[in-house]
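Provided herewith is a single structure, encoded as structure tokens, for subsequent inquiry.
Letters A, B and C mark the chains in the order given here, with residues in each chain numbered from 1 onward.
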Amino acid sequence: MWYAEVLKKRRNAVGRTFCDAIKKGKRAKEAKMKRLSIVLAGLAVAMACGPGTARAVYEDNPGTPCLVCHETQTPGIVKQWEESKHSKVNIKCYVCHQAREDDPSGYDHNGYWITAVPSPRYCESCHAKEVEQNARSKHAWGAFLGPLKPYYAEARKQGLDPMSQETAKKLDVETLTKTTVSALFPDSSILKKIGLLDNVKYNHNNVNLGCNACHGSFIQAGKDGELDGWPNAGVGRINPDGSLGSCTYCHPRHTFSVAEARKPETCGQCHLGPDHPQSEIYAESKHGNIYAASGDQWNWDAPPGQWGPRDIVAPTCATCHMSGFGGAVESTHDVGRRLYWELQPKKSVPQWKGPDEVDFVLERVPDPEKAAAGRKEMKTVCQQCHSTRWTDDYFDEFDQVVSDYNMLWDYTSGLLDQAYDEKLISKDLPLDETPEIMSYLIWHHAGRRWRMGASMMGPDYTNWNGAVDAIMNKLGTMINDIEMRRRLKALEGKK
Amino acid sequence: MWYAEVLKKRRNAVGRTFCDAIKKGKRAKEAKMKRLSIVLAGLAVAMACGPGTARAVYEDNPGTPCLVCHETQTPGIVKQWEESKHSKVNIKCYVCHQAREDDPSGYDHNGYWITAVPSPRYCESCHAKEVEQNARSKHAWGAFLGPLKPYYAEARKQGLDPMSQETAKKLDVETLTKTTVSALFPDSSILKKIGLLDNVKYNHNNVNLGCNACHGSFIQAGKDGELDGWPNAGVGRINPDGSLGSCTYCHPRHTFSVAEARKPETCGQCHLGPDHPQSEIYAESKHGNIYAASGDQWNWDAPPGQWGPRDIVAPTCATCHMSGFGGAVESTHDVGRRLYWELQPKKSVPQWKGPDEVDFVLERVPDPEKAAAGRKEMKTVCQQCHSTRWTDDYFDEFDQVVSDYNMLWDYTSGLLDQAYDEKLISKDLPLDETPEIMSYLIWHHAGRRWRMGASMMGPDYTNWNGAVDAIMNKLGTMINDIEMRRRLKALEGKK
Amino acid sequence: MWYAEVLKKRRNAVGRTFCDAIKKGKRAKEAKMKRLSIVLAGLAVAMACGPGTARAVYEDNPGTPCLVCHETQTPGIVKQWEESKHSKVNIKCYVCHQAREDDPSGYDHNGYWITAVPSPRYCESCHAKEVEQNARSKHAWGAFLGPLKPYYAEARKQGLDPMSQETAKKLDVETLTKTTVSALFPDSSILKKIGLLDNVKYNHNNVNLGCNACHGSFIQAGKDGELDGWPNAGVGRINPDGSLGSCTYCHPRHTFSVAEARKPETCGQCHLGPDHPQSEIYAESKHGNIYAASGDQWNWDAPPGQWGPRDIVAPTCATCHMSGFGGAVESTHDVGRRLYWELQPKKSVPQWKGPDEVDFVLERVPDPEKAAAGRKEMKTVCQQCHSTRWTDDYFDEFDQVVSDYNMLWDYTSGLLDQAYDEKLISKDLPLDETPEIMSYLIWHHAGRRWRMGASMMGPDYTNWNGAVDAIMNKLGTMINDIEMRRRLKALEGKK
């Protein structure tokens, strides 16, 4: 597939200058020269900031000229960096913030050519494996799988590269995203109906601060470091250099702490709410209870790959979905790898083929073999604490829930079709009439809670916020509403 | 009552061999012999696991043959046990996991006769008082009071023992639970209407992973350790040996920590969500705020009965409902003991008589005297920090809320009857028409939040998620819907 | 304005006897005499409590006679006080609990003239600046801006002092609050419709334990320390001495910890739920994630004004809205000071003039200049960690969301008017018909979540619980309901 080629090319192009130099404890001549020029430039800036203080700061911080100003201008991030592992191994500001030549976000900042958006390609120099795994994950593709799908589809249709700055400009990615009527943008139908969808005064800015805040925006670089679609640290952000994703979303700047990424609240910044409440489900699960009760005493700082059942009493999100867990499985940044089911679509199927296999934004190809391999890995994690029988039985119970939901969805979509056939509702807008809205909620909200609750031992989400809400509340409303429309239509027909 | 007899018989039969031996610091000859055989058998297993490693492990662990394999196979639980108080006082795996002779869940596991489901009767050997108190609580009866009530009623009607494995098989407890139309299983009406209730392909597995996950399942033992209704650790689980409940639900295995059971998140694994959000109410209360802000500095490990106002700055769930609180009251595992009101039924009444007094699954007998005694105990807890006047006034305010809800419920059920009388809705299914569903939510969801919020200083749950949701949203919808039906019926009648 | 006069008078009257004496390390003769009499009286009480114990306790606690009894009667609060800063600087029980001469809540308690409700005027002796700032805040006026607004308006109309005990009695503040049909008391319309609003048996006690628990009650003092509207610690409580507010709401008694007030859970006791979920929004924001993941390692005890970006890795509510943040801005107890927008009204406007400028309960005067100054301060806080560009761009995005909501509200209120005009619904009760209830929820619940979510980086609240819920769910329901009514009316008209 086309993205496989992109990945391959990029893999070969990974530069590791800084990281290798640091790891090997030696400095290339080039790096030396670069540092010298940084120091000199820093000196100039220092003087601009106020010679007295700057001089003192500079003498304490040779090689960290950025701090000369930023220690007083943005002290918070300086302090965070100081506490980070980066500061311990000599990864200073300019190592990550120096803009690459081909990065359109680069601009001159007091004599330094920097970027405000270091992309995963910058992190890749030292963290190549993690970046490569993430690039294949649904995380990295989160914007294109979500709010930017209409743009992506249009770009691909026109044979354009959806990651390029030129395509974004040509197709006007923001306007396209905010004016396409779609279930991906569920307020669009009503907004169209009431005339606000295309009203230029209406900003649709729940897209920027809502959808895109998690899924990621398309960042377009202007002159002198100006950025459109910024600030944004969404997990599937399209960066000015054409790369996907944002490492800082889970490893928040500037501590970049592994401990933080292992805590469930980090995942909970997106995985929460009516449509994917994994955070709430975890909190109600026995795993989450134990974390809440004793997590402050666990060992959160074990090195990647070694963090295991002797460090923690119950798993967090990262444990099951990503960690090596004491070496029991291979650790991964491809967060969906260990899952059997796709739980988010209208009808659940085994895990889809990934972006390195098909154009998975547009083609959804279930791969039962890959899904089975993923589940096997997941079970291995479970079995560090649970017996094989326990584990197998639990997944059997879970699969039965997925099957139940699928049957209920078949009924729901059949009922919707019937309402269209009887002309009780119209097809001109997909989400404006009560039966349409209810069927959306049965799938997108309650039906996900039902399945996701069952996947992670969250009884309340499986039942009350899941099955009961889907069936009694939402399908109940849909059935009652359709019946009312039928009676009204019959009465109207009699005149 | 019939269960009083059961309790009495069981009380006499409690064996305390292990516990007494341990407490007195001596070993009965019988125990010595048992241990020897365990060690020898362990050796055999050790060899099966891999002689080299096993030998080393064995030499470090005389008397803990299970660890020989489980240290590498399920390292998580071994580590948890190591950190538990059990490991300190020589309570090793086989003390709890050796299946009793009359336990149908026993099976041979590498030469050991074990059970995967140590019931409260196992814990009883050392923790007799706690198990006895719990056996009388609504916790232990949680399955029969909830999803398994139809099964329980049928068993009692036929004069069968509802706790026996034979009855469960004869009446097919799972099918009975999953196909009875009832408000206990609120999606049943719509499922019946759309033909899924009795569809054998539809698993109704939100019952197993939803209802039963908290309330408890009926665990049926098969051959060789096979278990039906497993995994399950629900608080009212019916164990293969006929006992009720699961200690591990609140004292999670294998640390069995008293600190964990004292934390509110433990209770929050079930007491949350739309229908009994005690966890959310606590979190919003001043008590919960203080816990969140400073709880990590409190003393959670004081011995049972001694944990008191000098250990903690604010109470948790366990403090008010169970703890001796520094000796101010008697500690209890009968969690409902200190309550005046039953807040969960359609209409609130003083605390019901317990299972040792009446067949309380089927007979609901309010006992104002017992309720008053319970409240007196509760007030004693309050008064460790609050004045008598404060406490009395608060409970007066709370009682007024309960009275308000009861009046609103009377109106609601009267309105529903009127809709039936006017033939605006039909009685053939109890929960399929909007007014029926709304009245259910007024009682079961919003009405509980209203009362429970008031009981524990949760203003948002008392008002917004309680009274306002019950009255403005749900009763409002019910009234508007009935009016629509009335107008439609009038129009239809005119033709 | 009238309240400016009140404030001015009060400012001059602030007595600082205890505080100044303590701060200067000397004791006025008067204070000495007072203490002597306290000790002697304490001795008498000690004897009443039981001579043996009391004597011992007394000898250990000269000057703390209250402890003689309270150490055994309410040990929790004694322990809290012991751990407080107050206990370290000699602020004993009677310093705060001795009733002032003009305080009607004073009563004789074992020979001491005490109050159970030390108001902000008591705290003012030592914390004058904080009390003065708070007195101008929406916090202190929370009751009058909320549930007690009808009472306040009536008092002002009649030219009475709304803070006086006499006015409260004359106008019967509780009955007035509980029987006025209004959007401030949103269940009132339906209750009126079904005959419960004026039913004397119906207590409307969700007002006391719901609304007033946060907003504050009007506390009326009776004889011998009897209190009506008690217990209550609501943030806008009207105290018997005529002052507004309750310091203990955020600095819970009797530790009065600054660390606790800095934690987000403290604010979350009121700022949560369907109508103002700042707590949930914070929890899902990156700020809240970082707090959850590492907050237990931060420095919470830095002195007021000094707490800054080197103490914490992410801000809490207090950081942005109140703290000096390392000296970057002036710290304040006027919690709304740094806000540009009023996000709670039906239509958002720049910050209102305060109670020291206009009678802001009854007059809402947007003050764009003040709002701009507030935002400037807020941005200064942001910029301790974020760049100017980041900060400016974020607020631009936020402003666009506010504008979107305002446009949507205009449409909604227009639609409601149209339904009235077409006589599809009636105006006799403001909140009993579905379109009315939906428009209320679009404003008061979903519309606030939409705006507040955007203000604090909570994507899920901006989009799913905000815009999508407002537009697809609530406006969708409103539109569908109006269409049904229109069709019904057309049919009825044809007969």
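As a working rule, a residue touches a chain if its C-beta (ideal position, glycine included) is under 8 Å from a C-beta of that chain, and two chains touch if they have at least 3 such contacts.
These numbers come from a predicted model, not from an experiment.
Hopping across touching chains, the smallest step count from subunit B to subunit C is 1. Residues touching across the subunit A and subunit C pair largely diverge in numbering: under half of the numbers involved belong to both copies. Its C-alpha atoms superposed on subunit B, subunit A is turned by 120 degrees; the angle is given in steps of 5. Spacing of subunit A relative to subunit C, judged by their CA centroids, is 36 angstrom. Those residues of subunit A in touch with two or more other chains are numbered 296, 484, 488, 491. Those residues of subunit B that touch subunit C in the complex are listed here as 283-286, 288-290, 292-294, 296, 308-310, 313, 326, 383-387, 389-390, 393-394, 397-398, 400-401, 403-404, 407-408, 411, 450, 453-454, 457, 459-460, 462-468, 471-473, 475-477, 479-480, 484, 487-488, 491, 494. Touching subunit A in their complex are the following residues of subunit B: 73-77, 79-80, 83, 116, 186-187, 189-191, 193-194, 196, 199, 201-211, 213-214, 225, 227, 230-231, 233, 252, 255, 257, 259-260, 263, 265-266, 268-270, 272-275, 296, 431-434, 437, 440-441, 481, 484, 488, 491-492, 495.
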